[in-house]
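Order of writing sets the labels: A, B, C and D. Residues in every chain begin at 1.
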Amino acid sequence: MNLKNKKWTSDDFLKVRGEVLTQWPTGAEIDLNEAAKYQENIPAYRHFAKRLEQAKQQGQTLTQPRAGVALINEHIKLLNFLLKEGEADLLPTTIDSYTRQNQYQEAQKGIEESLQTGRSLLNGFPAINHGLHGVRQVVESIDAPLQVRHGTPDARLLAEITIAGGFTAFEGGGISYNIPYAKNVSLEKTIIDWQYCDRLVGWYAENGIAVNREPYGPLTGTLVPPSVSNAIAILEGLLAAEQGVKSITLGYGQCGNLMQDVAAIRSLELLADEYFRKHGYQDCFLTSVFHQWMGGFPQDEAKAFAVISWGAAAAALAKATKVIVKTPHEALGIPTKEANAAGLRATKQLLNMLAGQVMPLNYQLQEEIDIISAETHCILAKVFELGQGDFAVGTIRAFQTGVLDVPFAPSERTLNKMLPARDDQGAVRFYDTGNLPFTDDIKAYHCDKMKERGRVEGRMPTFQMVIDDIYAVAKGRLVGRPS
Amino acid sequence: MNLKNKKWTSDDFLKVRGEVLTQWPTGAEIDLNEAAKYQENIPAYRHFAKRLEQAKQQGQTLTQPRAGVALINEHIKLLNFLLKEGEADLLPTTIDSYTRQNQYQEAQKGIEESLQTGRSLLNGFPAINHGLHGVRQVVESIDAPLQVRHGTPDARLLAEITIAGGFTAFEGGGISYNIPYAKNVSLEKTIIDWQYCDRLVGWYAENGIAVNREPYGPLTGTLVPPSVSNAIAILEGLLAAEQGVKSITLGYGQCGNLMQDVAAIRSLELLADEYFRKHGYQDCFLTSVFHQWMGGFPQDEAKAFAVISWGAAAAALAKATKVIVKTPHEALGIPTKEANAAGLRATKQLLNMLAGQVMPLNYQLQEEIDIISAETHCILAKVFELGQGDFAVGTIRAFQTGVLDVPFAPSERTLNKMLPARDDQGAVRFYDTGNLPFTDDIKAYHCDKMKERGRVEGRMPTFQMVIDDIYAVAKGRLVGRPS
Amino acid sequence: MQGKKAKVVLGVIGADCHAVGNKILNYAFTAAGFEVVNLGVLVSQQEFINAAIETDAQAILVASLYGHGEMDCRGLRERCIEAGIDNTLLYVGGNLVVGKTEFKQIEDKFYQMGYNRVYGPGTLPDQVIADLKQDLAQRGFGCA
Amino acid sequence: MQGKKAKVVLGVIGADCHAVGNKILNYAFTAAGFEVVNLGVLVSQQEFINAAIETDAQAILVASLYGHGEMDCRGLRERCIEAGIDNTLLYVGGNLVVGKTEFKQIEDKFYQMGYNRVYGPGTLPDQVIADLKQDLAQRGFGCA
C-alpha cells in the first residue's frame, strides 16, 4: 500500500483486516456488526468521548491513572480499587510490553507464570491473549469510561479486540507509538498501521459510535520541547481525522516550568483548532490531556508526591480536559494499587482546590505561547511542504531530514540531532536545534536563553548540562545545576 | 504602666524585669551580659536573622517545620532528624500549651509523666522548666538557626530564657499571640508584655546581636482575609521596631487562591516597607514568611501531601523568604518525626523545582494587590486616627470598635462581627465586613463577589456558606459547595 | 417533659484555645433545638461542673484538640459524681491525644475514664446531634 | 595488555524500549575511556552473546527497566557458557522486577542467575565505572 493522507477505501480496509484478524487465534472472535451493537448499549457516563465533551464544556479536569496486570480478575480488582479508593474519573487498561511488541507467545508465558506464582509477572494486561470475552469481562465489571493505553507500533489487532470488547477510547499513533517505543520499525509502516486503527474507529463513528482517540503526547517523556510534541500531536490528530475519527484528545507531557506548561496546552488547543478547521475537520471534537511529569522521578515518596501535586496544579491552571496521574512509586516499579490510588487522590485534591482558578494572561505566558506557536507553525509548514500537501508523506520526509526530531528516542528513524536543555527558569529550550526548520529569530531566542543559564552557572552550555537536566527532577530540582 | 507606642526607658525595663525573672525558679539563671557574650559566639550560618537576609538577597525560600517534645534529648533527636531527613533550612522549638498559658506546674507534671511513660505527653518543649542550661543543651546540639515558636500571651520569661539560651529568633506579638490564643486576656496587657519582649530584643540589638522577631501572621488560621492579617502584621512589626528590633519577619497564612496568596505576600512586603519608612524604621531588615494552609486538613495523607505541595508552590511563586511547613499527619495529631520530615522534603522538592519561577504580574494579580492594599490602608489609617497618632493605643480602640476584628477567634477582645467567606474562585472575601473601616467601593466589591458565588451555587450567601468553607479543604475542595 | 429543650454544656477543656470547632458545634446544636451553654475555650473541669449544676444540663460536651486531652479529661466523671450530677452524659471529642493514634485505643481509654461517647477528629455535628438525641430518648428525655 | 581499551557490550534487554539511561551509560563509559558496543534497546540474549563474541568484550552490561527483567535475563549466563565466553563479566541494572521490591531480594535473585553485579534504580554511571575498573583490574586487565 502506498502511504497517503487519504481516507482508506472500504476495500483496502477489509483486505488488510482479513490478515490482521489471523495474527492470533482470538482475532477470529470479532464480528464488527455485533461489536457496534455492543458498543451502542454502553451508557453515556461510561462513554469516554461523551465524558470528555462534558468535562470540557464544564471546564473540569478529569483524572486518569495508568494500570494493568496480567490476569483478568486481578485487573478488574485493580481498576475498581482505583475507581473507589482513587476517586478516578477515567480508567485505563495498560497493556503489557510483550503484547506491545506483538510477542503474544511471550505474553502467554507471562500469563501462565503469573497464574503459577500468584503475582503479575507482566507489566500490563495482555488483552489480545485474553481475547474478546476476557476484554468484555473487564468492561462489564468497571462502571467508568475505559481506555486502552499501550505503546504498540502495530496495534491493529489490539484495536480490533479492545474496541469490539467495549473500550471507548484508544491511545496511540503512527509516530508517537513508534519513535519512543521501537528501535527499527519503519515509520511508513506504523503510519499505515495506525491509519488502519483510525479507519476502524472511523467505521464505528459512521455507525454512530464515537470512540475517542488519543495520540500519545509526551513521546520520550524526557525534555521534549513543547513545539516538538505539539507538532506531532497535531499531525497525528489530522491523520486520524482524515480516517473519520470524531473525538480526539491531544496530549502534552509536563516540562515543569509553569508558564511554559500552561502555554503549551493553550497553544496546543489554539493551533489544533486552527489546523483542524483549515483542513476541513471542524466536526471533530478536540480535547486535551496533560501528563504529570514523565521523566525520571525522585525515589522518595514525599518528593514524588510533590512532583505529582505540581503536575496536578499545572493541569488545573492550564485547564486541560484530563490529567494522567503518576504515583509515589514511579521511580521504583509498577505501583501497588494503594500507591496508584494515593497519586490519584493527591491529584484530585488539587484539581478540586484549583477548580475555577485559571492562569491569567501575562507577558511571560504570552511570550511562551508565541514562541511555541511560531515554532509549531514552522515545523508543520515544512512538513506540509515536504509532503507536497500530504501530511503523511511529509511526516516521513520530515523525520528523514530532521525536520521532525524526538530527543532521546530509541528509534533509529529519528535523527537525534536536536538536543533540548533547560534555561535558567527551567523552561525546556533547544541547546541545539538540529535540523528543525526554525527561523533565525527563533534560533537566536534559544541561544540567548542557553547563554543566560551558562552565565548564571558559570559554565559553557555543554552536553553535561543536558545530562544534568535529565537527572535533575529525580535529584530534587528542575534545573540540573553543577554541583 | 501606661500603654504608648514609645521605646521603654531602661528603668522601666529593669523594673519589670525584676518581677519577670522570679516567675519561675529558672529565671534566676539569666545574666544578660553573659547571654550577649554567648550569643556573640554563635556563627553566622546558625544565626536566624543573617540566614534570612542572605536568603532574601538570593531570592531563596527557606523551609522551617514546627516541632517540639517534652524532653531535652528527645527534642534534640527530633530536631536533628528534621535537619538531616527533612533537609530543613531553619529549625523551631515549639513550646507546649501549658507553658504558653504560664502553667509551669502543669508543664512539670507533663515532663514527669513523659519521663515515666516514655512518650511525650506534652505538645511541645517546656523551655522554662528546662531552664537556661536545658535550652543551651538544645542550642549546642543543633547545627542550624533556631527559633522559638509558641502562642504565649505573656512570653516575657520565655523570651528571657530562650534568647539568653542562644535562640536567635522569637515568634509572637501582643495581638497575634493574644486574640487567637487566649480567651479573656487584656490586649493592653499583652501589648505591654510584648513591648517587654521587643525591648529585650532591642537591648540585644544595641549590643550588636540582631535577634529576629516574627509576629504570628495566620492568626486563627481560618479564612482570615489577607488585609486583616497584613494590617495586624504591620502593626506588630511597627510596635517591635519602636522598641529597637532590627530584624522582623512578617507572616501570612495561605488562603488557597493562588493570585490572592501571591498578592497578599507582595502587598505585605510593599506596605510594610512603606510604613516602616514613613515611621522612621528604615534600618529594620524586613523579610516575609508564608504559612502553608493553616486551617483544617484532610485526614488522608495523599491529600494532605497535595495541600502541603500547593502551599510550597504558592510560597515559591510569591517569593516569600521562608515557608512554614505542615505535615501529612496534620489533621490527626502531632506528627511523628518521619511525617514531619516528609512534609519538609515534599516542600523542598517544589521550592527547588520552582526556584527562579516567579508569578508575572497580570491584571488579576494587580487587582488582588490593589484591593488588599486599599483595605490594609483603610484599617491602618483608622487605627492611627483612633490612637491619635499612637499605633498601640489605636490598636486597643480598634479592637474595641471592631476596626480590627479576627474571625473565629477564642478571645472575647475581638468583636467577632466580621465574617469571611470564599468567592467563586476560592479567594477569601468578606461575607460581612462588620465594623471594618472600609470604603463603600470596597464593601460593594465583596458584596458582588459573594453574590456571584451565590448565583453559581443557586443559594443565598448565608452562614451555612461560611461553615461549608471551614470544612471544605478537609473534605477535599477549596470552596465549600452545597452537596 | 416532652417539648422541653434539652440543655448541653459545651466547652474546650484545659489550656486549649481551639475555637473554630466550638463555634460550629454551638451553632449546630442551637440550630438543632438544644439550649447550649457555651463556655468557649480554656475551660477548667470545675467550670464544666459548675455550669452543668447551675443550668441543670443533660449533657456536658467536652472538646480537646491540642493533644493534652488525656491529662485534662481525667477525673471529670469522678467530679460529676462528687457533685451529685452522676447522671449527666459526658461526651468528649476532638484530637484527644498527642500524635496520630489508632482511634480504638483512644476510645477505650476515654470510656474507661467514664465518658459516654468518644469522637475522633473529623466528626461532623450532625452525627453527635443524632447520637445525643438517641441517648436522651433512651433516658426518657424527649427533646426538640 | 596495559593501555588497551576495555570493551563493553551495552544494551537494553527484551521488549524494553527505555533508551535514556542507555544513552547516558553509553556516553559515560565512552568518556571514561571504554570502547562501548552499544546495541541500544530491544536486544535479545542472542544479540548480546553475538556482540560479545565478535568484539571480544570483557563485560556485558544488561539493562532492564520495564519490569520483565526477571523473565528476560534468566539464562543469559548459561548461554555465555555454551558460547564459550563464560569469563565475560555480566552486569545488570535498572528497574529489574515488576513493582517496588526490597533491593536485597532482587540482588540475590540475579546473583543466582549468574550476574556478577546487580544495580538498582537511581544508579549513577560513575559508580558502575568504578566497579568495572576494579573488577577488570582484579582480573589483570589494566584499563584506560
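By definition in this document, a contact is a pair of C-beta atoms (placed from the backbone, for glycine too) under 8 Å apart; a residue touches a chain by one contact, two chains touch by 3 or more.
Small disclaimer: the values here were computed from a predicted structure and weren't measured.
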Required minimum of steps from chain C to chain D, each step between chains that touch: 3
Chain at maximum distance from chain C, centres defined as averaged CA atoms: D
Two chains sharing the most C-beta contacts: A-B
Distance from the mean Cα position of chain B to that of chain A, given in whole angstrom: 45
Euclidean distance of C-alpha centroids - chain A vs chain D, Å: 31
Whole-Å separation of chain centres (CA-atom averages), chain A against chain C: 55
Touching two or more other chains - residue numbers and ranges from chain A: none
Chain D: positions in contact with at least two other chains: none
Overall pattern in which the protein chains touch one another (line/ring/star/complete/other): line
Listing of all chain pairs that touch each other, if any do: A-B, A-D, B-C
Residues of chain B touching chain C in the complex: 97-98, 100-101, 103, 106, 109-110, 113, 119-123, 151, 180-183, 220, 222, 296, 299, 329, 331-336, 339, 408-410, 412, 463, 467, 470-471, 474
Of all residues in chain B, those that touch chain A in their complex: 256-259, 298, 300-303, 305-310, 312-313, 317, 341-343, 345-350, 352-357, 360-365, 424-426, 473, 476-479
Partner chain A, residues of chain D touching it in the complex: 12, 14-20, 22-24, 27, 40-42, 66-68, 70-71, 95, 97-101, 121-122, 124
